[in-house]
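Here's a structure for you.
Per-chain residue numbering starts at 1, and chain names A, B and C are given in the order in which the chains are listed.
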Amino acid sequence: MSRETKTLPAPSLGRGGSIPLAFWFLLPVLIMVAFFFLLPAIITVLLSLTDMNYTFNWNFIGLENFKEIFWNDPIARMTLINTVIYVFFTLLFFNFGLGLLLAITTTHMEEKAGRFFRLIWMLPRLTPSVVYALLWLWILDPTEAGILNSILKHFGLPTYNWINMFPKTIIIIANGFIGASFGMVIFTASILSLPRDMIIAAKVDGASELKVITRIIFPNIKWHLLFVSAYQMLSLLTSYEYILLITDGGPFYKSEVWALYTYHTAFGDWEFGYAAALSVILSIAGFVAALLYLKTVNIKALLKKPKIEGI
Amino acid sequence: MARIFLDRLTKKFGKVIALSDLTLEVKDGEFIAILGPSGSGKTTTLYLIAGVYKPTSGKIYFDDQVINDIPPQYRNIGLVFQSYALYPHMTVYDNIAFPLKLKKLPKEEIRKRIEKVAKMLHIDELFSRKPNQISGGQQQRVALARALVKEPNILLLDEPLSNLDAKLRVATRGEIKRLQRELGITAILVTHDQVEAMTMAERIAVIHRGKLQQYSTPHDLYNNPENLFVAGFIGNPPMNFLRGTFRIDSGKAEIIINGSRISIPLERINQAKLEIPEKVIMGIRPEEIAINTSPREGWPELRGEIYVTEPLGKETLITVTINEQRISALTPKENWEIGERVRLFLNPERIHLFDPKTEKRLV
Amino acid sequence: MNEAEIKRIKRRIFWWNFIKYGFMIFISAPIILFYSWLFIGAFKGKHGFTLHNWRFLWEKTVLKGLPNIWGVTLNTLILAGGVALFTILVATLGGYALSRLEFKGRGPLLGFTLALHAFPSITLLVAIFYILRTLGLLNTLGGVILVKVALELPFATWVMKGFYDSIPWDIEISAIVDGASRFQTWFKVMLPLAKPGIGALSIFSFLSGWSEFVFVYTFILNEKAWTLSTYLKGIIGEFRFVDYGLLTAVSVFYMIPTLIFFIFAQKHLLKITMGGVKGA
C-alpha cells in the first residue's frame, strides 16, 4: 500500500452493481432469521387454520380452532387465569420488586459485600435449568427424602405433598428467584451510572439514604424501571421451561400457563393445529407487549447514523 | 459558624496515599484556600471535611467535637461542586428548596429564605427553569444558593470558578468573597489556580503530593516561601531557580553561578536558621530583576544573551541564557533582539537560597 | 452538635446497617443453602462421605436403556461448541453491518432486530418442529444447533453491534484512508479490536448451548443423541424419591463448566448488561 499519494480508495467489494456491501455482511443473519423466524411465523398461522396432528395432514378447517379455544375449552380458560396470576405476581414481587430491592440494598453497602451478594443472585440464572428444577423437586419431594419434609420429620411433624398443595406459589417463587437477577443487574447498572456528585450533593443537603433513594435516585432511573417491567412482562408471559420441569402444569392444570398449554398440546397430545392456534393468540399478546417495550426503548439514541458514507 | 481542626489527617486508597499527615486549623469565620496542582490531594481533603470520605487515620474536629464518624447529611455544611451537581429533574426553585424541605421547614419560611438568597445571587428570575435551561454561570449561582440557603456552619467550594469563562470568573470571585464576609461563614476553597486562591483567601494551605507545604497568608507565601515547591508554584511568571556554589570569603557571602559572582548581604545570611551547604539553588523572581539599567548600588550583576522574548502587553518577559542556565526577567521595555547581550541586575534583598537536598528555604 | 446528638446519629447508622445486611443475608440464604445441599448431596451416602453417587462415571450405564454418560457429555460438547462457533460467525458479520455500514432500511432493521430479541421461542416451536422434520433434521444435534443459534442471533448480533460501536470511528477511517477496503477493514482491524466482545459472546453462547434443555427435549427423541440436560431429566424420573445422591452427583458433573466460568469471570459477570440498554 503506497502512502505517497493519499487518495480515498475507489469503493470496492459490492459497490459494483446495485448490491450494497451491507447485504453480504447481513446475509447469514437474514437467512437464519428468515428460516427460523419468518417462515415459522407464516407456517404457524397456516397451521392454526388446520387440524393437523401426528399424521401431519394438512386439513384446513378455518377458524374452528379459535372458536374452540374461546368458547369450548375449559382448560384454556383456566390456563388464562393462571397465566395472568403468574405473570402479575412474579413480575411485581420478584422480577421487578425483588430485583429493585436487591439493586438498592447492594449499592448502599460496602462495595465488596454488595458485589458478593449480587454474585450469589446470579447463580440461579446461570445454573442449567434441569439442575435448578432438580433442586426444587428435591426440596419439595413429598416423601421423606425431600428436604422440607425431612426437616419436618426431624421435628416430629407430618410430611406434605408441597407441589400438590401450592402449585401456583411454587412456580412464582421458583421463577422469581431467577427473574430477580435480571432486574437486579439492570437497576444496579443504572444506579451506579448516576453522577456521583449529585448523590453527594443530596447527602450534603441533609438527605438520609432513604431520601436520596426516593427523591434523587428513583426519578433519575425512571426509564430503566419502565424498560425492565415491560421486558420482563413479555418474558414471563412466554416462559414455561421451569414450570414444565417442576410442576409440569399440575396438579390437574392448576399451574398450567398458556405457553405450557401450547407446548403440551403440541408435544404431548400431538395436536399441532390446535397448538398453533394457541401460539397465534400468545403471539398477539406478545406483540402488543413488544410494542409497549419498543416504545420505552429510546430508539433514536441507538440509531446513530454511520460516519462513513457511500461504501 | 465553626472552627475546623484537622489533626494529622491521612487518607489512603488501597496502596495510594492521597493525603499524608495533614494538620490544619481554620478559625471561625475565616476564608481559607487549599491550593495545589491536580492530584495533590486537595479535593480529598475537602471530601474528608464533608464526610464523603472516611479518614484512614487522624481526626477532624468541628468546634472541639470529633466528627470522623458522622455522615455528610448531619454535618450542616454547604458544598459547591465543580460540576454544580444540580438535580436535573427539579426546577431551580426546588433545587434550592431541597435541603430546607428535608429539614421540614414550613413553606413560608422556605420561600422567605430562598428569596433572600436568590436576590443576593441575582437568580430570582429563574425559579421555574430547569438546570439544563440556564447558563453555566447561572447554574453555579444556583449551586451556591442551594449550599447557602440552609445557613450552614461551613462552606466548601470545589474549584467553583474553573468552569466559568475568564470575564465571569473575575466578577464571581469578588462576589463570593463579598458574600462570605457578609455572612461570616467559615469557608474553604479548593483550587489549582493560584490567582483564585491569592485573591479570595485570607490564608492559603499549599498542598503537594498529599503533604502540606506551607500554610500562611498570600503575602507571606509570596515573600517568604518555605520550600522550593511553594516558591515555584506561587507567583506568575514563576520564580527563577539557578544552581550555584555558596561560599563565605573574607567577610563576604557570595554565590558562584557559572563563573559570575553574586554577593548577598551578610545580615541576611546570618539570619538563616539552617546551615547553608556548598551547593545551593538561588531563587529570584522575574519582577525583581532590572535589565540594562545603570548599575545599582549593591545589586549583583549577571550577563547573558537573550534566548526568547514574550510580550505580555504592559511588559515583556525575556529569557536570558547564562552559560547553560536560563533566567527570566520582566521589563517594561518592548524592543529586544534574540541573541542580544544584556546585563541583569538582581535585587539583593529579594534573593532566596534553597538547599537542593531538603528543598527548604535557607535565606 | 453535641455529644448526645452524635451518639444518636451513630446508633441510627448502626441499626440501618443491621437491617441492610440482615435483609441481604436472610434473602440470599435460600440460595446459599440450595447449592450447599446440592454439593453435599453429591457426596453423601447412607453412611457419610461416599463416591458411590458418582458411579455413573465408570459404570457402563446406570439404568437399562440409558446411554453412557460420556457419550452424552460428548453430545453436549458438540452442541455447545457448535452453538458458540456458529453464533460468532454470523453475529460478527451482522453486527458490523448494523454498527458501521450505511444502507437503506437500516433504521427499521435495527428496530426489527430489537423486537426479535424480545420475541419468545414458544410461539414458533410448533412450526419449527415441522420445518425440521421436513428437512430431515429432527433427532439430530445439527438441527438443535441451528435452531438455538437462530433464536440467539438477535441478541448476539446486538451485543456485537455494541462492541463495534465502542471502537472509535477514527481507527476505521484511518484504515480506509490507508487504502483498505471495507471488508479488509473489518477483517484486519475491527475484528481483532472486538476480540474481548467476541470472547465474551462465545463463552456466553457456549454456556447457553451447554444448558439447553427444551430444544433437545422437543426435537431429539432418540436417547443416543441426548445431552446432559435430557439425560438428567431422564434419570430424575427414575430416581426421584429414591436416590438424590446420584441425581445431585450428575447435576454437579453437569454444572462443571458453569462453575468454572462463575469462579473465573466474576468481575465481568457483574458488568453484563442486556442488549438495548446503555449500561455502566
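Definition applied: a contact is a pair of C-beta atoms (placed from the backbone, for glycine too) under 8 Å apart; a residue touches a chain by one contact, two chains touch by 3 or more.
Not measured: the values here are computed from a predicted model.
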item	value
Label of the chain whose CA centroid is most distant from the centroid of chain A	B
A-B or B-C, whichever has more C-beta pairs in contact	A-B
Where chain A and chain C are represented by their mean Cα positions, the distance between them in whole Å	14
Chain B and chain C, separation of their C-alpha mean positions in angstrom	55
Contacts with 2+ other chains: residues of chain B	71, 74, 76
Touch list for chain B against partner chain A, complex	47, 50-52, 71-79, 81, 83-89, 98-99, 102-103, 146-147, 150
Complex interface listing, chain B residues touching chain C	62-63, 65, 67, 69-71, 74, 76
Contact footprint of chain C on chain A as seen in their complex	1-3, 6, 8-9, 12-14, 20-23, 25-29, 32-33, 35-37, 39-44, 47, 56, 98, 102, 105-106, 108-109, 113, 115, 117-124, 126-131, 134-135, 137-139, 141, 143, 145, 147, 177, 182, 185-186, 188-190, 192-193, 209, 224, 227, 231, 234-235, 237-241, 244-245, 259, 262-263, 266-267, 272, 275-276, 279-280, 282-283, 286, 290, 293-294, 297, 299, 301-303, 305-311
Chain A-touching residues of chain C, taken from the complex the two chains share	16-17, 20-21, 23-24, 27-28, 30-32, 34-35, 37-38, 41, 89-91, 93-94, 96-104, 106-107, 109-111, 114-116, 118-131, 133, 146-147, 149-151, 153-154, 157, 169, 172-173, 176-183, 186, 207, 210-211, 213-214, 218, 228-230, 232-233, 236, 240-242, 244, 247-248, 251, 254-255, 258, 261-262, 266, 269-270, 272-274, 276-280
Touch list for chain A against partner chain B, complex	195, 197-198, 200-208, 211, 215-216, 219-220
